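There are structures below to look over.
Heads up, the next two complexes both have chain A, just with different partners, chain B and then chain C.
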Partner chain A sequence: MTSPSLTAKVPSREMRQAKAKAARVGWTPYLFAAPVVLYLLVFQGYPLLQELYLSFTSTSLLSPGKQVSIGMRNYTDLVGAAEFNRVLWTTFIYTLACVVFSVGLGLGTALLLNAPFRGRGVARSLITIPWAAPPVAVALIFVWMFNAQYGVLQQAFQWVGLSEGMEGWLNNPSRALPAVLLTTVWQIFPFASVVILSSLQGVSSELREAAVIDGADRLSVFGAVVWPAIRPTVMLLTMFITIWSLRRFDLIWLMTQGGPIGRTNTLVIELYRRAFTFRELGEAAAVGMVGLSVALLITVVYFRLSLRAERAAGQR
Partner chain B sequence: MNNTLDWRHALRVMAVLAMLGLTAFPIYWMMVTSMTSSADLFASPTHLTPDMKQWPVFGKVFSATPVATWLKNSAIVALGTTLLSLALAVLPAYALSRFRFAGVGLLGLGLFVTQMLPEAMLVVPLYAIFGQLSLLNTLTGLILVNTAFTVPVITWILKGAIDGVPIDIEEAASIDGCSRLGTVFTMVIPLIAPSLAATAVIAFFHGWNEYVFAQTLISDPNLHTASVGLAGFVGELSTPLHSVMAIGLMYTLPAVFFYLLVQRYVVAGMTAGSVKG
Partner chain C sequence: MKKLSSLSASVVTLAGALVFGATPMVASAQSKEALTFAGATFAESGRGEKLKAWIEKFNKSQGAIEVQPVALPFSTLAKTVFTQMGGGAGPDLIRFDLIDYYAAVQAQRILAIDDAIKETDYKFSGPNKYMKVDGKRYGVPFEISNYALLYNPQLLKGGKPPANFDEFLASAKASSGNGVFGYAYRATMAESAGFWQDLCNFVYGFDGRWSDGKGNLTINSPKVVEGVTAYKKMYDASATPKGADAATYRRMFWERKLAMEIDNGGVAGIFNQQAPDLPLAAAPSPFPTRAQGLILAPITVNANTKHKAAALTFVNWMLQPENQRELQSILGAASVATVVERTPEELRQKPWFKVYDEQSLHSVPQLVQGFEAKTPEIQQVVLEQVLQVLQGGAEPQKAMDEAQRLVTARVLRK
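The block that comes next holds the complex of A and B.
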């Protein structure tokens, strides 16, 4: 009973949506958004501006009201300082390794859990346990497992010949960062796997089967069918894990406090140490601003890349 | 052919089991340590299974440490953060999804930038602001600041969920004389219930887990949260380790159980919001 005239009279859903938007906008969206905007200005915007101002001053934690303006000094002191270069390098390695291992392991696990087998539902739930565990508790148990004398991991490592002597991984300058990384990846890779898994479920199985029938091997099916479908999700995930790794504090602080000899000293740890150990609020703020700029830069690059990828996909 | 398939299947199941073993082991080890006597703890070879005779340790820590207070405070902060976050996020999420208005891009960008601000950076200025507002040493203060970090993500996820609600439903309601606000509460909210559940869990976890602000903005021991209480034990060896691990377990397990209970909604809600949005 669908006559052409009837379908013509009913505008498409998109058209109606657009119309509904245009017709009744007025002040409503501003009223709806105002509470949150105000809230975020008070608890994020204003503190951020204060922090920016602090970064141009010399201010002590002991007398925070006494702020001496010193221009760019805090920043110029950071540029080229060997100590700060080490912080940047450590942050880079930590972030990169977090992303590579979490996304890699997450992808592997997601592919494993995507195929049918008995108990798959249970396995999918259990794999996310680390993600649900509070970071402070995670730090507590891993510090104990890495304990130099009685830690179960330490014993396991000794057993396979990875640790010699009585020095624990967390006290060993060349092993502390790997230890913190292992802990971080254990905690966050389940998140990556859950997100990738849900995007894998959107991959058309017909397309997959067709490729298999055409004689494609597993790797080329993945490359031609699966990867293009999940790539946007994986990229978004990569960006979020990058940003979160740049700002991660509790795990690292509670495990090593940035040590030994600064080997796990990332930007956020350095910021906290300058503020609360050395009581230099101005220097700490400058470190924070550098970290924020890095995060912003990465986001801009990400959006550029994903925009370009979208355009390329559109042209094809 | 069938043979290789079986072989592959077996390999896959073994890989999954190994993975589950690795993810579960630290939590298991927490339990083993909490149920190992001090004498056995430092014995060699290491005891790999819990000593069931040790279970009274879970009762003992309640009298020996303020763990009950800590857990109560964490629960208050987590619940408060959840309620406030949802209350604040629904309307802006609706506005982002349904209206095209000047400044919509700016709002989106602002929400996104908050994802990059480290807590450790804002803690200094917030300490000063909280001092002026008499919010230092209050659980309310912690709820307020935690909400500032959860509300942007939640707004974004709910926006994605509302995108998926057909607008026809709302038009029918507005013809019936429902106000815009009435439509949101009677029509939209019931339809995005799974996403609301997911975001509630995200907010709850943030409040339950949060450490930096709870450590710096609270000095009154009666208001310490479990994260701060527990952090005091990390690397410290004067409190019996099995008590510390028992507390750690009591702090971890409710979160894990709660998460497993609602996980279905979390995954569904997050993908509805983040991936499509």
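The block that comes next holds the complex of A and C.
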């Protein structure tokens, strides 16, 4: 009979095997990971630290080598400034609308494209075209479509009485953001659609059939069978689209440059304006750090929600 | 085997030709010291190609130097070049606008060139005085251009230009309709540099100035507010193609879809080149005073250049009388660094030259005097507030009060 204390001190066979295996593996995993870690440190970590440092300085674009330390001034100037609050609000509205409309439309079209109908393959191919188009080309085409003199969309809006005056949507303070959103959603919803569609194809058909046999209607089948299966994908998609929308520059800049009168001025546009229009790299870095904090916050919230969902699923 | 031999021979011959034949060409290209010259004018239709040909004349005259023109869009030239300069690079020669010239001087991004350009060697024109900063010369005028009202007499009622602002508004409204607009100007941040030029013309025309020249801002002074109010009146007159960029409305002008615009002499030259049959006339801008903006684009040498001597060789070549004369004829109703008299033939063929030349006495740089290096930042704040007037329904006086406050706090940090 062995005492419990003795048993605890002598490693089990499995543990010994695991230790031996670990000894054999040695540094190999670290060597494989090293290039990526090195890349991230050089091209992400170092610039990030530089940006953090810049945000505490007054640095001109014309003399980036001359950095004058000013402590928290760039941040205190941002906090409470009505103009910056408006930038945050515009960013929030733009991001929220992008997520709601693109995921919503993506889900709807994915459900449609998952149902059997003639020409489904062609439809699935066609829907990816907006996503495949380069954002610069999309922005320029939409700028022409919204052009007050020659644009087809502008003409269409005029016919239905939705266009006052002649300034066009992109120059109208109350319509510029909807116009930019329309363009953005048109371009990104196909991505949501394709991702959700691939997730839908993994939903067990036996489960659906069983639910139908049990008398469930379409909505109940979706709620009880389909949604739980695609929920993690939709969550991940939501996080991606949120972060992409927070940092989207090309479409907005090319369409409005943040105007008119700041109505489409998001965090990234404000960063660019401060860096290249006002030539204040320190202020721009502070705006960048605020944007990074928001993105990190969203990522943390997402992972906490995912963890909670996993635990809840485990308890069931 | 025979086939293989002939193939081998061909390969060897080709390789020999490539190696020995290419060597002299490479050596020739490398023997010339290549330097770049960035400017927005190289991208302009008509003038751009002629300017490139003019530079090519310099290249042919030189055995050791080659200047390569680099066309950058007007709206992004300063941003692009300043970013490159901040990184220790950039073009060797740059044609800046005056507004960016002072910022570059203050940041020590362009070289003082007094040692190479002697005042006594050339008969410089009046605006040359703006090239001196703290007694040092950092550039030489490449193009000097005044502003005047350009109009198409066939599209104006009675064919006569307006003599004052009320007539101007009435004339713009009367000319609009059936796909034709009475007047066009810029009013978007996408074209902030041009928007500032157009705004300066209105403000200066109403006798406003952005500062008193003694270190005090006058952005919210009554005269400036009058100019902004006039800008708004034109905006609300339903006579302008709102949102159209300068490239679009200038095209509309030579396509006879635009009756009037206030523009610089360079543009008048472009119209004349693009559409020689276009009925084109010029008149003083219809404002209470004759003061208007002045385009003064200096050629400067990048402080990062490794080809200073070659760059200055080009600048001195540019200042030679025959090259100045040719440059002036390419630029249209604009003038160059030195005084070049127009020939009677030129004045007969292009009578609008006279209006532009006479405007020289009344032209004022589009700068905030006393705050020259800060003008780009001041410009942004002012334009955003003017947009609040045009599109946000703000009162001109309140908006200019806010602009004065923001410039003082944000730009001057007072």
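Following the convention adopted for this analysis, the second predicted complex is superposed on the first by the 292 of 316 C-alpha atoms of A that agree within 3 Å, B and C clash if a C-alpha of one lies under 4 Å from a C-alpha of the other, contacts with A are read in each partner's own complex, and residues count from 1 in each chain.
One rule holds for everything that comes next: a residue touches a chain if its C-beta (ideal position, glycine included) is under 8 Å from a C-beta of that chain, and two chains touch if they have at least 3 such contacts.
Note that the structure is predicted; figures quoted are calculated from it, not measured.
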Touching A:Ala148, do we find chain B (first), chain C (second), both, or neither?
second
Have a look at where A:Val300 lands relative to chain B and chain C in the superposition and call it first, second, both or neither.
neither
A:Gly259 in the overlay: touching chain B, chain C, both, or neither? Say first, second, both or neither.
second
Counting touched residues of chain A, say whether chain B or chain C comes out ahead.
B
May I ask you to decide whether A:Ala137 touches chain B, chain C, both, or neither, giving the answer as first, second, both or neither?
first
Taking the superposition as given, does A:Pro64 touch the first partner, chain B, the second, chain C, both, or neither?
both
Going by the contact rule set out at the top, does A:Pro29 touch chain B (first), chain C (second), both, or neither?
first
Of the partners chain B and chain C, which touch A:Leu112 in the superposed model: first, second, both, neither?
first
Intersection of chain A residues contacting chain B with those contacting chain C?
61, 64, 149
Residue ranges of chain C in contact with chain A within the complex:
79, 82-83, 85-87, 103-104, 107-109, 187-190, 192, 238, 241-244, 248, 376-377, 380, 384, 387-388, 391-392
Complex contact set, residues of chain B against chain A:
9, 12-13, 15-16, 19-20, 22-24, 26-27, 29-30, 33, 41-42, 46, 88-89, 91-92, 94-96, 98-101, 103-104, 107, 110-126, 128-129, 144-145, 147-148, 151-152, 155, 166-168, 170-171, 180, 205, 208-209, 211-212, 226-227, 230-231, 233-235, 241, 244-245, 248, 251-252, 255-256, 258-260, 263, 267, 270-271, 274-275
Quick one: which bits of chain A touch chain C in the complex? Just the residue numbers, please.
60-64, 147-149, 165-168, 170-173, 256-262, 273, 276-279
Chain A to chain B touching residues, read off their complex
13, 16-17, 20-22, 24-25, 28-30, 32-33, 35-37, 39-40, 42-48, 50-51, 54, 61, 64, 109, 112-113, 115, 117, 123, 125-145, 149-150, 152, 155, 186, 190, 194-195, 198-199, 233, 236, 240, 243, 246-247, 249-250, 254-255, 268, 271-272, 275, 281, 284-285, 288, 291-292, 295-296, 299
